[in-house]
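Before anything else, here is the set of structures, which you'll find just below.
Both of the next two complexes hold chain A, though its partner changes from chain B to chain C.
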Partner chain A sequence: MNVLLAVLWKDLLSEWRSRDRAVAMLLFSLLVVVIFHFSLPPASPDEARTLAPGLLWVATVFAALLGLGRAFALELENDALSGLALAPADRGWIFLGKALANAVLIFAVQLVTAAALGLAFDVPLAEHAGRLAALLALGALGLAGAGTLFGAVAVRTRFRELVLPLLLLPLLVPVVVAGVRATATLLETGALAVEPLRLLLVTDAVFWIGSYVLFEFVLDE
Partner chain B sequence: MSPPEAAVRARGLGKRFGPVVALDAVDLDVPAGATLAVLGPNGAGKSTLLRLLAGLARPSLGSLCVGSQRESRPAARGRVGYVGHATFLYPALSARENLVFAARLYGVADPAARAGALLAANGLTSVADRRAGSFSRGMAQRLAIARGLVHDPAVVLLDEPFAGLDRTSAARLADALRRLHAEGRTLVLVTHELGVASALADLAIVLERGRIVHRAAGAELEAATLDAAYARAVEPAA
Partner chain C sequence: MSEAMDETPLDLAAERWRRPLGLALAVAAAAWGVLVATAPIDTMQGEIQKILYLHVPAAFASYAAFLTTAVAGAMYLWRERDEWDRLALCAAEVGVVFCTLVLVTGPIWAKGTWGRWWSWDPRLTVTLLLWFIYLAYILLRSFTEGSERTARFAAVYGIVGLLAVPLNYLAIDLFGGRAVHPENLGRGSLGEGMRAPFWTGVGTALLAFSFLTLLRFRLETERIRSARAAGAGMGA
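Now for the complex of A and B:
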């Protein structure tokens, strides 16, 4: 637990000081919203409601990829990753600390993107703020769970910027599908659909448990 | 008198990276409290040996024991302090924050107090709240050594700690290593400088292409003798 809290504190403090990942992720997702606002202006509120869920999740998934790719770049400077790997604890705790820090960052970007999307497409997302936030939080956990593991794998490869999306995107399909379906149902009915929510929960659990176990080997040379 | 307990014991230790044999059939005993110098040309396997001892890499062959054989891998990592080529420091964090972070990783009881004590011991109190990214090579090296000692390890591994240091910083580091030796810690020191090995080590090995090609102890560590033996082992006459 000490290791989890130490890594979480270190990652959030470093990000607060530099803000380079948060700014890049936010700019990217907001640009996507702006581009779609001008290229696909919805003709009616119904059309806006149809477009919004897919846009929200695609924008934030690609923004998350951008941030996850940089998450371990921080650890490459001065070979700090080796310093982490030396900790006398199960390395799964390092995964949990880094993944939670990533999830916090992704969730913050998702919230700002959702607000911008609501304004740009005139979609009443604010009416469902609490449920949407819970849904986005589950999505952020899924993205961070798989992304942190594969970020650690990719960081030791020559073409890490290329390798991470290639490894990660196929795995994120269930998160995106469940997220889009649940958001669409939320906008239509005001309720969270059980099936996509269950898929999101199961995917999150598989990613986090699997990554916790595998992280020990990922950090070995 | 019984022989001193070995702090580090390796038998037939080997490490391969794909087809490349980085370390081959290394047998090694380092008694507790001794200082071992690991010498050899570039690419001889010195850093690989140190990273295996630190627990950063798994051996491909053979066995390795740092401390007790009954310990788990994480527990064995906790017995070791490692000062690598790189400093392991986060440039965006201050010197104090770097040490507090390391202390938390190692489960030190009072991280802030330990960080303060190490900063004072290494003459870094006046720059404790400056970001590590702004430090000179000498200051960063002192902070890296403090980081390596944050959990008071019994075995300290140092990978070319004198590289890039000016004379004053090198002398200060040599004094620090003598202090660690006097405290009874086991030191494993990778270096290219035979003079450093002569001055600080109780034992020395010379690695060449992943194998130990020479061992020295006692009078064999005298500078001229070690220099001649190194030349014979690493650069044999054609």
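Now for the complex of A and C:
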């Protein structure tokens, strides 16, 4: 437990001190929204609203991929990753600390992107702020769960920036589908639909338990 | 270590089963060919329906392959013995071949009966994602340096990749792709006289998967052995 808190605190503190990763992820996420705006046919405000959930999730998943790749690249400097692997601690707890720190970062990017989307596409997100935040948090957990495990894998490969999306995107389909569906229903009815929420919870559980167990095999000394 | 390499139980089993499996495959494939040729023509779809006897068995074989990859990967992580990693790699490669066969025959059939090459049908989409996952598996191996590290990383991805399959299926179901595949075989969507060629096809595909994986496994063993011999020669 102490290991978890120590790793979580270390990651969040170093992120807070530099803020470069969060800023880069956020800018990237907003850029994806802008690019998508130009790549889709001109839409009426009503149509634009139906596109907003998909845009929100695609932009933040892409930004998460970018940030997850960096999470372990930073540790490579000064061989900190080897130090982490050699630490006399259960690697499952190291995973939980790292993954929680990643989830916090992704969640923050999601919140700001959602706010920007709400303004840009005139979507009344503020009315559902609490529920939307809960939904995004579940999505961030899913992205960080699988993303932290394979971030640690990708960082030890050639072309790591290329490897991570190839590994992760086919696994993240449930998170994207459930997230988009639940967000769309939330905007339409103001309620959280049960089915996508259940899928999101199950996916989170599978990714976190699987990664907790398997993380010890992906850290190299 | 290198001398003892081909004496692992898996290698011995591969040697022992090579001929019987090859023979069984030849017999099954011949029977399958005859049965498919003489199978009744579907009254609605015509001749093109016979692609079923290749399409669905290939899907069975690819699922068996990816299951093998995940199980062999787990065995590798547990036992840390190279031969399990070799098996995982070979099954994945053969699995990609069968999965490609599914994804090629599917659209041909679809164009003939549904009128379009591709539909985002749940089962089709899951197979497509599966194909992406196992191509990523093979790419991950070629992008990782060090055989021990490659084996570990690949095993982890193979296991998570298999866990993702039911989740992906649920997701695509939720997304609401129009299901155009028949619900399942248990409800008897196969007509009179179609069962024999179908199940013979499934058997043939599973035999073909086993046999090809076995041949590939022996090849991989040879490859590593000659690489080690070359390495030892350089050292001396």
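FYI, the second predicted complex is superposed on the first by the 208 of 221 C-alpha atoms of A that agree within 3 Å, B and C clash if a C-alpha of one lies under 4 Å from a C-alpha of the other, contacts with A are read in each partner's own complex, and residues count from 1 in each chain.
Going forward, a contact is a pair of C-beta atoms (placed from the backbone, for glycine too) under 8 Å apart; a residue touches a chain by one contact, two chains touch by 3 or more.
Computed from a predicted structure; not experimentally measured.
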Could you look at A:66 and tell me whether it touches chain B, chain C, both or neither (first, second, both, neither)? neither
Please work out whether A:5 is in contact with chain B alone, chain C alone, both, or neither, and reply first, second, both or neither. first
Which partner chains sit in contact with A:13 here, chain B, chain C, both or neither? Use first/second/both/neither. first
Thinking of the overlay built on chain A, is A:79 touched by chain B (first), by chain C (second), by both, or by neither? first
Pick one for A:192: touches chain B only (first), chain C only (second), both, or neither. neither
In the overlaid three-chain picture, which partner chain does A:99 touch, first (chain B) or second (chain C), both, or neither? neither
Going by the contact rule set out at the top, does A:170 touch chain B (first), chain C (second), both, or neither? second
If you stack the two complexes on chain A, which partner ends up touching A:87: first (chain B), second (chain C), both, or neither? first
Would you check which partner chain A:220 touches, where first means chain B only, second means chain C only, and both and neither mean what they say? both
If I apply the document's touch criterion, which positions on chain A are contacted by chain B in one structure and by chain C in the other? 220
Residue positions on chain B within touch of chain A in the complex are 51, 54-58, 74-78, 80, 82, 84-93, 97, 101-102, 104-107, 147, 151
Chain A partner, complex, touching residues on chain C are 77, 129, 132-133, 136, 139-140, 143-145, 149, 152-153, 155-157, 159-161, 163-164, 167-168, 170-172, 174-175
Quick check: in the complex, which residue numbers of chain A touch chain C? 146, 149-150, 153, 156-159, 163, 166-167, 169-171, 173-174, 176-178, 181, 195-196, 199, 202-203, 206-207, 210-211, 214, 217-218, 220
Show me the residue ranges of chain A that touch chain B in the complex, using the header's touch definition. 2-3, 5-7, 9-10, 13-14, 17-18, 74, 77-80, 82-90, 220-221
